[in-house]
Each structure stands twice: as C-alpha cells, then as structure tokens.
C-alpha cells in the first residue's frame, strides 16, 4: 500500500510542481487532480490518441474560452462535443461583447428591467443576442441555399468559425484547425431558436444525423481514445455512446459537481460507463468532483508543465 | 411573519394530509414540497393553464413511468419535453423488457460480460436494445418514405406511440391524448443512434426545427403556463427558452439535486430565469432540492388528494 | 433479479401505502426510502432493539420537534445523541418563542438590525436567547452547588427537561421517559456559552466523560442496536464509535445530503463504518441522500402505518 | 461592471500567477478562489489580524498535515479550532504510522478482517490506535494527578504536543508556537474514548468551559479577526459564535462542499452569519464550494507567493 505523502508548499512553486504534491498525497479530491493530470498528459503526449473534449455548463462565460481555444490551437483536442450555449457565448464574445462579473444574490427583476441575463454570478447584455441574430442572418444569407437544405450542425459551426476574426475564438480556431464541433442539440440554444426564426421565411434545415457521421468518422479512425468530460449533460452521453461502436474509450477523465446517487447520466460514475461499453474494461478513468472552473484550469496548467519538461 | 408549525404525524394519514403538515412547517425542504404541491394543484385545476412537464434523468427506469403516463391520461400535462433516453426506456418496457433492481456497488466489468447496462442501481439487459432496433426498423419501414424525408421528432414519437399497445406507456398515452413529446436531442439516445444506422441505407431525416414549431404552437396558444421541471438538462432550457417568446411562464416548479454554484443551467435558480424572461417577474416559482424519485411522487400523490377534495 | 415496479398513485392513499409503492420500485432515492422504512419498522417493533437517534442540523427549528418528541413518548427511541443547538431550540420554544418562516434570500444586515437570527429560511428573535439565559440561570441556581461541581451534560439536560411544562418538548418528554440526551459538545451552543458565562461567577463544571458513562451503559446493556442518523456531525460519530465497544450496530439508517467524496465523517457511507466496527459486518444499512425534513417525516409516517397494521 | 477576463495558461507559471488568472476571471468557483486568496493574504500580512483556522473533515489523513503545521510555524495562524479526529491523526503520524492510499470502492468487510479503518479512499491500521492508547496513557501518568482533576482540552493537547518530537506535527508546532488548539468535543474522538477508559481507574477530568476561557482570551484581545473555515462542523460554529462577543469577525473565508439548502450550520452561508453577529455587517466574506484538499492547498500556495512578492 502506498502512503499518503503530506503536501508541502512554498512560494513561487510552479503549478506542475504543486499538482505533483497533490498527486503524491494521492487521496480525496487532491489525489483525483493528480491522477487526472497524469491521464491527460498521457492523452496529449500520445500522437495516436484521439482526444474528445466535451463541454456542458457556462464554461465560456466563466472565463475558460481562451483555455479551450489554446488547447485546440496546440492540437491537443481532436473533437469538441458541446452544448449550443457555449458556442453562442463564443460568438457573442467574437462580436465584441463581454461577460460581466455580477453576483448570485442579484435582484433578477431589476436585471430583467436592465436587459441583463444572469448565469450564476455572470451577467450578459441581451443586446448581445440581438447583434448575434443579425450577424448570423448575414452569414446564413451568404451560404448557398442548396447547402442550407440539409446541413450538419458541425458544418454550419465551421462556416461560422470561418467568419470569425478573433484569435481567441473557439469556433474560429476549431475551423482553422479542422477540429469538428459536434453539437446535436444546437437547436436548444439562443442561436438555435434564431436559426428557427430565420427558417420561417428562408431555407434552413439542420440534420443531426449528419453530425453523427462526423462524430463516427472520428471514432472509427481513432487508434486510441481519450475523453475529457466537463460537466456532463448530453455532450457526455453523445461522445461516450459514439465510442461504444469501438468498444469504449481508453482513457476517461470527468470533472463535475454531479453525483451518481440521483441516477442522472451527468453524475454517473465512469465505472458505470464500463457496463455500457463506453469505457473499456481495461481502460483508465478518473472522476474529479469539483467546480470545472477550478479543476480544469489547474489540471491543464499542470499538464502544460509536464509536457514541457518531458 | 408566519410561524413554523411543527409537523404532527399519525398512522393512516393520507399523503395529502401529510404534505399539508409539511406545508404548515413551511421551511427548508419540507416547506418547498408544500409550496410545490400548492403550485402544481393550481396548474392542474386551472383549465386555462397549459402545463409543460420536462424530464431529465433516469425517471422511467426508476419507476416513474406509470406516474407520468397517468398524468397525461388525466389530461394534467399538455406538453412533454424530454431526453431521448426516457423515451427509449418507455419503448423497451413496451416491448416487455423490465428494469432490474441492482446496486451502486456493482462490478461493472462483470455486468459488461453479462450484457447488463447499469444506471445507478438499476440494471437493464442489452438484449432489450437489440429488440428495440428491430422493432423500430419495422415501424420506420411502414412509414412512407416521403414522410421520412423530413420528420419532426415529435411526429416520429407520435407514430411510435401509436404502434404501442401498452396502457402504461408514456408514448402510447401521449399519442392517444394528443400530447406532443418534444425531444430535440433525440439523436443523443440509443434509439437516435439506431435511426442513424437505419439512415445509412434508407431514408431517414429528422429536422428539429419542426419540433420547435410544435413547441411554439403550444407556447403561443397558452393563456397561462405552468412548468414542472424534473432534473434539469436541455429539456429545462428548451421549454423555458421557448416560453421567453411569451415573456415567461406563470408558475414554475423544479425538482433537482443540482445547485446554482457551479453555474450550469440544470442547477440554475428559477430567480435567475426571471432575468432571462423565462419566468415572469410576477410569476411564482419553487425549487425543491431533492431526488426526483422521492419528491415528485410525493407531490403528485398530494396533488391528487387536493384535486379530489376540492 | 427483482424488477422495478412502477409506482402507482391515487387520491387518498395513506403514507404507508405510498411508501410501499416506493419500496416496490426499489431503486434510487425512492428505493432507499422504502428500505429505510422497513428497517426502522424492524427497529421499532423489536422490543430487544435499543434505538439510538442522532440529530444534527436545524431539525427543531425546521418543524421536526413534535415528531422527535412523539417518537420518545411512544418509546421508540432509547437514546438521543444531539447537537446542542437542537436542545437550545427546544428550550426556546418551551419558553414560548416560535421560529418564523423567512427566506434564503434575506438581507442579513437588515435582520441583524432587527435582532433576528437566520437559519436557512428560518428566523428567530435574539430576544429568545436573552430569555433563555435568565431562565437557565434560575434553573442552575436551584441546583445544589455540589452537583454543579461535576455534571454530566445528560444530567443537566434531564434537570432542564424536568422544569419544562410543554408536552411537545423533546427535553421534557425525554426526562419523563428516562431517555438520556447525550450531547458531549453542548458547550458549542448558545446555552453552552451561557453556562460558561454563569460559571464565571458561580460553580458550573461539565464533565463529558460522565456522558460517555451514560452512553456506554446503553451500549453495553443492548441486545440489539438500531441507529437512525439524521444529518451527520459529531452525534453520528459519537453514537457509532460508542457502539464499536459491542462490535457495531445491527441496523443503521442515515439520512443526509452529505456525500462520501470530500472525506468527512458526515457524508461517509455506512459501508465505511463496517471497516471501523461501527456497523456489524452482517448488519443492515441504508443511506438516504435527502433533505432530512422531507425524508424523515415521510419514513416515520410510513413506519407508524406499518406498526399499526401489523 | 467589471468584465470576465479569460484565463490564460502557460507552462511553468507559478501558482500565484495562476490564481491571479482565476481572480481576473472573477466568477464561479475560480473567482471565489481568487477572492479567498486576496482575503487570506490580507489576514496573513496584517500583524493586527488574529487568524482563526477551523478544521473539520479528514484533513490530516488527506495530506494537509504539513500545510497546517507550516502555517502555524510561519505564525500565520493564531488559534486552531478542530475536531478531535484531526488531532488523533496527527498523534498517530507522530508515532510513525502513516495513512495509506486506498479506494472508495473498498470491500469493507475485508478491511475489517485486516484491521484497516477506512476514511473515504484512505486506510489506516487499527494497530496505530492501540499504540496511541499506550502512548497517551504514559503521557497522562506523567502529568501530576492534581492537574488531571480539571483540565482544559487545550492544555492537555499542549502537554501532548510538547511530548512529540516531529517537526511536521501540528500539535508539536502549536505547542512550541503557543498557538492554542481548541477542541471542545475532543471526547468525540478515538483518543477521547481512550481518555475515558483511562479515567475509569485513574483521575481524568476535562472541563470544556476552560477551553472557552482560552478561546475567549484570543477573541477579546484581537484587534481584527480573520477566520478560515475548512469543512464546517462544530469548529465552525464554536469559533464564529465566540466572535459574536466582539460583534463578529472582519474577514471570513470558508471552504466546504456543504450547501445552505438543507439548513445545517456546516453549509450555512457567511451572509447568514451576519444576522447572528458572527461576521461584521461591514466585514468581507468568501465561500468556496470545493473539496478542501483541492482549494486550500491552492489558495495557500498562492498566498505564499503573494506574501513573498509584496
């Protein structure tokens, strides 16, 4: 049995050295951070490993946009599976709007009167979404009607990414790096409803089976698969279930505040995923029960250190 | 200031009387159960109130199938917005398969070998999904190809419901009662992937904008809206966002174990929803932080009592 | 493998019948409610079973005072292990003060100015604690100084209980029924600090080892032990650890919102308790992850039904 | 309104720079880490600020022993308020026993047979506690019987600390640095029960009112108070309530996975504490909802950086 080694801290230590202390302690949350860091380092340093990153929760509004963008730019991520909302927020920031620092204890009736939408302690002007609608409309108009007859969301998001001139945009970077953005429930986002409005007068059809094609191509061509699941939701299920067609992923890390007890998929353990063939029986898995905005940057910063010093 | 009245229990009390004790106590979880019961009674007893019920989490596997079915049968629910998984489980039970009582502490490698999928402490045979695929295939074959060219998921689910001869089936009852089942992310379900496989050789296109049509018709025609949100996820967002087109719902009850702090929509407060125009500023809202399998049956049983004794 | 039986609800069903539906469903939270109900029925109906009830959290303020009192009155509980706060709130109510129904979204600076203390969405006047101090002082003065030289908290609480003329008081009922109230950390309560103030001028010494005597007598004389743990905290640990001296309890039910992952004792599983000899290896255990104010009254009401209909 | 600044990561960044990125993002969990870091830096750098550190949960077993010890050694902590268990684990490690890295999915019946106690995914040999009992017995024998007539737990723990020759021991360092260790519920720990056994034959009386004296001296002499609350429990309440005698603390940081909704004190917000006079109305407060083993080391490492670079 390995022993818990007590963490030792000092001024000016690097995040990599700090997380190594957690790794040596090896238990509870700190131990999970350590294990997840090792596993993601393994994913990123193995050129044969296809990496799926799934996003749910207010990650872009919370300040993780640049981190996700940089991981794509550095070619560490091969497929992004995401809620529509995170892409909407990426677009809105590309249009120059910024999320504001607010408070959980907001008076929401007042925010409503001031046209501010709240996400936890984050505020965003409703005006941003009006600008988005106009901008999207123009992009769609510029796409040949024939193409709009039957569109994969991934293709549409790639088209949108190509129109964005913002080096910190996830959509732009993914488009440039040929990283598909899979978002089968895009209709359930503000932009999705805007596309629906657009489609009332003009041609606009999304076919999410085409997105399954895009996703499955990545699954079938992968030699090894690593998945990083942030926050659960349908992106977790969609990416994991697609991988049942290759008998499961090899490495799985999930960061979430959800728990198994209520029975929902978001909080389901990665052990449970083995029973479904989503994770290989011989695969490695680590679940970090933590706010994604804390654990993910911490792990990524530590992984960058480890990659540099190898 | 109203005072906390201590709950008093006795043998053979009805669930309605029991929940009334909770209502009089009026605080913490018990108080929320009491308030939610009052609000849902108001929704169900007002003929002008359109009721949206949203489902996320393993509700059908957990034994809530009959309750949901009965609420539709009794015409208490006007629109169902759901994850695909719950409908898949409804189909599988209609085919005669049953969910089994297992344990959270399962050895998942063994379950995998025995072809059992695990959902928390619930087991289901993989065989059920093979049967489902064949059955779905036949249903699809029987639908004119023209229709399969561009299908709302709601229409497809209605077609499927019509083929089910099981009085306890949600799909069958909803089809019979003309209650639309809205499931824009149906592709992210086992059946969704099976439709995709079917579509490799044959014609099969789902257009989720058509589902928005179905949903928005209900939103626009509503005089008053009550929403019951079980477990969060995209069904919560989709149903609430659709209602921004009428400036928000009037009555909102959510039951979830998720919390606001991590920032995800599933745990977002209904106060926050006011800032987005999802809930009316003058609307009523109650959040019950509880396992849905405990709180929802409890509330429904109490509501049935209240409706009877009015 | 037993199958999940879908719950079926109807108007005017008793709580016992309702919980039986949950029991037959048998999974997730509902299944745990069912199992806990069976186990507590077993505890209460076996005259050879010594029942420990542990309290942590704002149970008295939340409206559970009468339920706990009635369980003692009905001789279902043999030992109460509790935080000091719950006894303070019992005293304060015996003095005629009542807890008020407030809101989580309170402006606490205003409450402070209005001399209201907040516990979640419960308010209580600070005036109540001033009255408590005077009342306690009188009670202490009436106790011979010799006795105050070295006092078990249990003895003191019994003395206090004897002075209370309120049939709904936990302290009064426990004193009358000879049920010891074990509260080794009573000093960590408002009354505890008041005793300390009293002790500045007068004789007042509590010796918590004397409380261990009281507790251990119950442990040693028990033929069989059942424990009901509400909310964790030191009462959970104290009662369970005492039972290691008889190699563990036979039946253990805990209701809590805490989880195992962060490593604290409050959220620790009852399986873990087996490794420490707190629960017998062959013992039965059920953990209900639920707000105590919801789950405990529900289970108790169902148990009362079951006991009646046996 | 300040804007969310997206975090930017790079290899070899220091923990201080990393947390500064979180601070600039400013929202959700990351923002709380940033704010808590600023507040604790303020506490540690102001010589007029008396710092209370409260411990609950398996912090010593989890690998935080050295961090807590170093903070005392660096004179950053003036009062420690703790559960007994953390001190028991400090003693056991001082005796040369180590905590082992295990798994949450342990077979607890087997652990029991192997004499291993489990705390989450941490294992400890029962043998350690037998050694502890003998060692404690000798220490007590060496203390004059007169003193054992009436002992503050703080005094006893200081005596014990003086007997420990381990530079990484919290007890030893606190004894050397004259930092009182307040533990009014010490009886609820393995060592507490061992003292009780000792007291069966020999003289051994603890009087926790004496601990209140020690605590209140610190409260009354403080010019300014900062409190760091790890994990809730009675240490949180005891330290905060003591500070009502000076109208509340000036700076309060709590790190916990507990939430306000169930009504327990552990999860209570620091806003609520204002209503009780535990936190000054004009005080500053930050709650970090996070596993303590992740958030506390992260914050401390960042604070050490900030203190160095000032």
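What to note about this one:
To keep things simple, chains are lettered A, B, C and D as they appear, and every chain counts its residues starting from 1.
We take it that a residue touches a chain if its C-beta (ideal position, glycine included) is under 8 Å from a C-beta of that chain, and two chains touch if they have at least 3 such contacts.
The structure presented is a predicted model; accordingly, all values stated were derived computationally and were not measured.
Although chain A and chain D carry the same sequence, what matters here is overlap: shared residue numbers make up over half of all numbers found at their interface. The interface at A-B recurs elsewhere; of B-C, C-D or A-D, the pair that shares more than half of its residue-numbered contact pairs is C-D.
If you average the Cα atoms of chain A and of chain D, the two centres end up 36 Å apart.
Chain D has its Cα centroid 44 Å from the Cα centroid of chain B. For chain D, residues that reach two or more other chains under the stated contact definition are 27-29, 58, 61-62, 105, 120-122, 257, 259, 261-263, 271, 289, 291-293. If you sketch which chains touch which, every chain touches every other chain without exception. Residues 56-58, 61-62, 83, 85, 104, 106, 108-109, 111-112, 116-122, 150, 184-185, 187-188, 190, 192-193, 195-196, 199, 204-209, 211-213, 231, 233-234, 237-238, 241-242, 257-268, 271-277, 281, 291-293 of chain D are the ones that touch chain C when the two sit in their complex. Against chain A, in their complex, chain C makes its touches with residues 27-29, 105, 259, 261-263, 289.
For chain B in complex with chain C, the residues that touch the partner chain are 1-16, 18, 21-22, 24-31, 33, 58, 61-67, 70, 98-102, 105, 120-123, 168, 257, 271, 289-295, 297-298, 300-301, 304-305, 307-309.
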